[in-house]
Each structure stands twice: as structure tokens, then as C-alpha cells.
């Protein structure tokens, strides 16, 4: 069984030693350790993955055992267990490619998760959810109903104890209220190389600007539209021969892969957020 | 001997046939032809490269012979000869990497050009110019002297019959007056994947935004800062481990290569401009 | 309605003019023309796409009308109509990712084809075929039955008038007899950047060699294993952290995309073969 | 002042803790730590970079202080100091691009090294060496003189206490005797994506095979030609339009960048070798 620690705090001497001693003293064997110090910010970031062995206490006690050390460093931290499947809620509208990609990888075993719910403001993708035996929740949204519907969505998500919300080309802007419930727990895929082409119709914007490459960006959702911490990005080359329709087609492939990569990193507990940016321990 | 036609006009039937017949009737043999029709704009773009053979008139008459056909199409066009070296003026300030790259490729024979002048607002790179036996012109620029100095630069460039101005990390913004003298004849390298991070300090902007890739963009200069038609772009991946200094270092490689690629395309007469965008026949 | 000409022959003067005149004289309007002359081989290659308009004869006569010109050039050629859907037969075994990708794009309208048959030596993917309403043919193959089964496959393919056979991770080597029936009509996806790691287990080979990138290659099948003309290739970076299992996972994404790209090029009639190499008019 | 530990040994519990405690007990502060366990091989690899502070002994004693710990683990290890410049000898023949690139980066401060010697079997690049004030040693090599000349080269290298030999397009195959003197201390740049196109004329091989991308590979030199541990690789796309001459031109850019990257990694003490493969802590 493996545990993973993600921790950040002000840099100080002896941090690695303290953490490694804690693990070693409890019979663990470190299999992956990646540490980064931001010299300007004087911040310390670490991801440690270790094999738990010969614990003198139950694994659920690991958190309370570690707490005093974390307090000493004044650290932000979490310990996760590789065997415990994170719970996902996926938000979609009408486009199915990002959802298809997630489901396909899920079925293949690439994503070691439980998909607790697919939530949509349209019912187009209900049958796709059904094919994979995943509960589909339809919350149609109008200007008037938005607040109320979002409240129901939050209730559902909390009831299901969801760890991560994925916006798989969800074509609604979530309200500030909704977003504030799930800090660094909502991942979106935006179809441009952010910060270029923020907002609507990025492919059309890209076509009109005449760029020679288009991109996709997966990021955490904050209340600044398309301004959240970036997790993954990629680009593909285009030329004058490509119409907006071609950009949509080529971009679709990018969107799928970039979102999948961001999910992969998150689900393996490789992502830390600090001051609007991510540290991704790849 | 090879000639190259670059032509654009409203799309209409028989354009390729007319052009191919003109070439064929004059004993030419087409070795490369790339044609593109923009179906939305109903515009026709073509680049034809052919071996001139058995001309019944001097090659300098090719233009006047072609004129009636071009008039008939109401076309924008140029015919260039591969053997005639375009003349370059390179603007620099203090950074030498972009200039070094151009000179190195020039010496290697990659760029079949005559470098008529290196022009700078600083004298730091005079000795580098000297190493390559290229005239170096120093035009120090202050707020007060800018207008006057630019006028002298324009005079010099016109006297030298320069075909292309390259801003190889020239750290001055050229005035609208200057730019209007050389439409689609000034190529710049901007150190971001435009339209992201327009203006000053793009690496710092990129660092602060926390992007996962940085880019470089080579474009024609217009009077909208960093908004001119894009010729070439590329990116390189970065991570949280990279400081601004690392971005500068990694970006330097990109800048050199992207500018070289744009130059390569221009010098082989592969670039057409239409409505703020380029058609690059690669 | 659009027609596409793919033609290759010894280079000679007037080829483009003759072809453009033929199209123009028959009321066509060229929308895309890409021509390449191999100066060493003195070979001429062209792809022309035009809008048919005001034909004085039925479009089915276009071939016989063009024949005299082609004879004059001693050319290899074909004329296809963009509206006519090519017919595909897909060979699979047990892996479903390449098939899934093709079906997903097919359903989305990216591939304008008719999928006439899915043919397999295992019955694992029958239900996937059924989901898409595509006839599934199960031909179990043993050493003893191979010849006989392949004959039946050839019969089926001929009966269905299939234009292209796609090996979507088909885990059987086709016999020389089978292959010789379909020259340049069988596309395979090999999971390495050929010519590196020919044959079985390329990911294991790549892992053992310690390369820093893995690739995928889509190529026409000939009777020299993994030596056929290459249509498309791509790579992805790996590191010492990646196990063989990681390579398989990362490579799966590549395989899907590279095969899709090769298919895209073939189905839009962009691929010519000459002396064991392809000309891909992208 | 910073120290860097590179260490590999059989995996066992408590390794990170022991190393971190050693550093912490001696007043150091870890700024970068990257650790990898190969689960199949049960091998442990680590790179630690720390700020030395308040050492109770001279920094030159750090090695002897660490020795007992290393012995206990039965580890292969080295401790380097970031402030101490590694010494380089560069081997060249007639091509100057790889050498130019190294010298340019060296002058720019990207490579924090001392270039002790440029060694060549031709005298073509003597003046380039002179421009940078680097001693140039000319060892012309014939079949008869090879053994003797290589002996002199070894003597020179040993006398200069060179840490790394770089073959910057050196067009001679080094003898087994020579190579055995410098295990994992000779870096070569090969102009293909190894293991494709081993041996001579890889661009011609690539052209003839009709690949859609060419590559460059930087690797340690062993006595199996082009089979040494790979440090860095990259590729660039090509098409049917590219002649062998174009491949040489495009490949040159790759060679420069890939060799520079490999050097960068080596000089920052990021490269470990185990069983014919590298671990590169990027």
C-alpha cells in the first residue's frame, strides 16, 4: 500500500530530513520524492510517495500522527492513499468528445477513479452515461433557475463526497458562489493556449488573428474567467489552409489529450497550487 | 535560372491555366506550385517557381510581359529571381543572439542574401558586425533625436535599396512614420506566443501567469504593437522549476530559430499578406 | 461537387498547363493545387482539387475524357470525387483503442467513409462493432487455417469493393499472398518511430534501449515487415520514470492520433506512392 | 555555496532519511531533491542539491565525511560543488556548427565551464578557437598514426584534468583503447533519432527510407558504435519536399540544440548511468 504526501510551507532547514525520518521511523520506504524550493518566494514544495509497511497504528491514524510535524512547519498538506479511488463528478453540455475520452480511459483503467456522477444542463449525453453505468443528472439552466439549480448541484456533489469536478466542455459559466465551494477542486479545459484568446469562440479568434498554432489549456477554475492556475497545455500547428472548422477538428484532439493529462496529474496527487500557479510534480 | 511568382486576386475560373500557359508559352518548366483558395473570402493565392528556359526576351522583360495578365485578374503580384540576392538591413540593440544566428546562417550559405547594413541605437555590436565585414551604422536615439535619426535611417535604407528590414531584438519601438515607409517589409521577433503577452517583459509576464510553455513569434511590423501578420511561431515546454532567468535562456533558443524560419520563408519568396494574416507556402 | 486528381509521371514541360487547361476547358474551378518536382528523380507529382461545373458530359465520363492526356504523359493517375465515400475494412484483434478512435471520428463526421466491415481473428470486439451497426466478421486463424481464412477475407473484401484496409492493431502478420492483392491499399499503425524497433514488442525494445522519446508510425503494408512507405509519424517524450506500462499508455495516444492522421490524408486523396516512399500533399 | 550529490545503490529503507540527516546535521539546506526508485531493478537513484552552511569542517572534507554512509549503502556516488567549473575538452573535425553553439553559449555564461582544449584531426577550426582564446591542439590522424596520436590525446586530457570530452561532430571513430580511458565521460552527438540510422550518413539513410521526421541524439560513447546511453533526443518534421541537403540544414539546428541540452544536464550534474541507460534528473 502506498501513501502520498503533498506539502508546502515556508522554506527552512531540515524539512526533508524531518519528513523522511517520519516515514522511515514508521517503517515506510520512499519510492518517489520530488522537492522544489522557490528561492525568490522562499517556499518549499514536496511530493513524497512511499510504501507503507509495519505501521504501528492504523493507516487512518497517519494523518493525526503527521499533524504535529506539519504544525511545526506551519504547512499546508495532505496525505492520500494510492489505493483509495478519488471520486469524480463530470460536468458536460452537448459536446461529447472530452467526456468520451475520460470514459474511455476510465474503462481502460488509466484513471483509477470512481465516477460518481455526470451532471449536465442538457440531456443529450444521458445515453452515453448510461452505456457506462454512470448516474446522469440533468439540471436544465435558465437565467431564472441558475441559482437554484446550482444549489442543487452543490448539494448533490457534497452528498456524493466528490473529490474533483471536471468541466468536460461544460458550456455554462459557473457562478462565483458555486466556485467558492470547491477551491482548486474544479478542472476546466479551455480551447486556447491561455492567456491567448480568453472567453468565447477561441478558435474563431485564433483564425482571425492568423496564428500559426492553436492550443488547449487545462486549469483550475477560479472566479476570474480563464485566469485560474494552469495545470497542462499543449499546441498543434496550423496553416492558412485551415478553416475555423479545421481548427475545431484539430483542437478537439488537443482538448482531449490536455484534459486527460491534467486529470492524470491530479488523480496521482501531483498538483500543488500556490499563489495562482501550479507546481506539477511530473 | 529560376523565377518565382507570388500572386493574389479575387478567385475566378481559369487562373491556374492562364498562369501555367504563360509560363509554358515562354519555355518555362514549373518545379513547384502551391495554390490556395480561401472559400470564404473568395480569394486566390498562388506561388509558382519555374525554370526559365528559351525566353524570347530578356528576363528583365518578364514583368512587363506578365503585366497584362495580372491586370486582367486585377492581381497583386511580384516576380522574383532566385539568383538575385535580396538585400537586408538588420536592426539590433544590445542582445546579440538573434544577430549571431543570422550571421552564422548567412556565412554558412543558408540565407542567400546580401546584408547591406547593421543598424543600431547602441554601439555594443559594432565589432561583431566588423567580424563579418558588414557596415555598422550607429544611430543613438533619445526622445528628442528619434524623429531625426529615423529619417536618416530611412534615407540610408532607401539608398541601399534594402528589400527587408529585420528587427533582431531591436529594443526601440519604431515610429508610425518609419513603419509606414516599409509595409510588409519589416520582420520582428517577439518573445511570446502572440497574442499572449503583448508588450514589454513577456518572459516575466509568462512566469507570473504560470504558463506551461513559452513561445516566440515572428511577424511583420505594423503600427499596432505586436499585432502585425504572424509568419512563424514555436513554443518550448517549461515547468515550475524554471525561473525567469531560465525562461530567458530557453526562449533565446526559440527566438533564434523562429526568426530564422521566418527569414527563410521570406527570402525564398514564400510569404503573402492578406488582411492582416499571412499565407506561407512552405 | 469536387473532383481530385492525383498524378505522377516523368517531369516534362507544360504538364501543369495541360492539366489546368483540361479542367478549365471543362468548366472547372481549381480550389487547391499542390505540385512537386523531384529534381533528382526528374519526377512530377501533382494533386489538384477542383469544383466541377458545367460539364458537357456526365461526371463518370471524366475518366475517359482525361485518359488521352494521361496517356500522353505516360502517367500513373486517379480521379476521385469528394462526394463519393471510400469503403473501409478494418482489421482488429483484441486491442480496441485504435478501432474506438476510428469509430469515434467516423461518427463525428471527421472521416467521410463507409465502414463496410470490421474483420477480426478474435471475437472480443464484436459488440463494439454492433454498437456502431457495422458488420463484424470473425475469422479465427491458426497455423493450419491461415491460408484458407485469408482467402475468405480476400473474397469478402473484393465482394464489398473495399477501397482501403486499415490494420487497427491487428496482431497477425498477413501473408505475402494476401498483401499482394492490395498494393498501397493496406495501412498499418506500428508502435515505434520506424525504422527504429521493427518487429515485436517495440515498447519493450524502446525501454531497454533507454530512448528519451517513443513514437508511432503509420505506413502502407508491403511484404517487407514494417518496411512499407511511411505516411505519418509522431513522437512523445519519455523519461527514466516511465515503465514499459507507461510507454504502452503514452504510446496508445500516439497510435490513435498517427493512424487517424494517415487515414485522414488517404481519405482526402492526398497520398501518392513512388519507389517505396510517399508524397503526402498536406 | 552549493553541493550536489548524485548517488545510486540497491534500494533499501531509510536511504532518503540518512542522506537528508547527513545534510541537515552538517547545517545544509536542501534546495532540490529528485529521487527515483526502479521497482523492477530494485535500484535507488537520487540527486540532491543543497546550500552548504556552517560546516564544522572544510568543504573538501565533505567527501570523506560522507564516505562511511556511502559504504554502508554500497553506493556509487559523487559530490560536486556548483561553484567549481568542470573542465571540458572539445573534439572537432571540419563542421563548425556544434562547436560554434557551445562557444556561443559558453561566452553567454550558459555553460559554467572551463574549456581546457579544442582538439582536432584537422586544422580548419583553429582560428575559431583562437577567437575565443582557447588552446587548439591539432592531431592529424592516419591509419598508421592513429594509435600514437590517440595516446598523445589521452596524455593531454589527463594532464589538463578534463572532466568531460565532447565530440562536436568529430568525424573519427575513437579506438576502444581511447574510450576505455573515459567511461561515461565522452558525449557524442549523432544526427539521427537513435537507434534508427546507426553509422554513417544518417540523413541519406533517412531520406531513402522516407521518414517524416529526422532526429538527433546525444549519448555517452561506448565501444559499441552509437549504442551508448542516450542523454537527450529531439526530432523535427520533414516532408517529401525536403532534399538530403534540406535534411542536413534542418538537422544542424537539432544537433546544436540536443548537444547543448545534454551538456547542460551533464554540467549541472543531473546525469546518472545505470546498465546502459541514463537517469536524467531534469
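Order of writing sets the labels: A, B, C and D. Residues in every chain begin at 1.
As a working rule, a contact is a pair of C-beta atoms (placed from the backbone, for glycine too) under 8 Å apart; a residue touches a chain by one contact, two chains touch by 3 or more.
Model, not experiment: these values are computed from the prediction.
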Kindly list the shared contact partners of chain A and chain C, in label order.
B, D
What's the farthest chain from chain D if centres are computed as the mean of the Cα atoms?
C
Repeat of the A-C interface, chosen from C-D, B-C or B-D (over half of contact pairs identical by residue number)
B-D
Do the two copies chain B and chain C share over half of their interface residue numbers, or under half; same or different?
same
Check: interface with higher C-beta contact count, A-B vs A-D, is A-B
Using mean CA coordinates as chain centres, what's the chain A-chain D distance in Å?
37
Chain A and chain B, separation of their C-alpha mean positions in angstrom:
42
Residue ranges of chain B touching at least 2 other chains are 36, 39
Treating touching as the only link between chains, describe the layout with one word: line, ring, star, complete or other.
complete
Can you list the residues on chain D that touch chain C in the complex?
36, 38-40, 45, 193-197, 209-213, 215, 229-235, 239-241, 243, 276-280, 282
Residue numbers on chain A that touch chain D, as the complex places them:
11-17, 20-21, 23-24, 27-37, 39
Chain C-touching residues of chain A, taken from the complex the two chains share
97, 100, 104, 108, 110, 249, 253, 257, 260
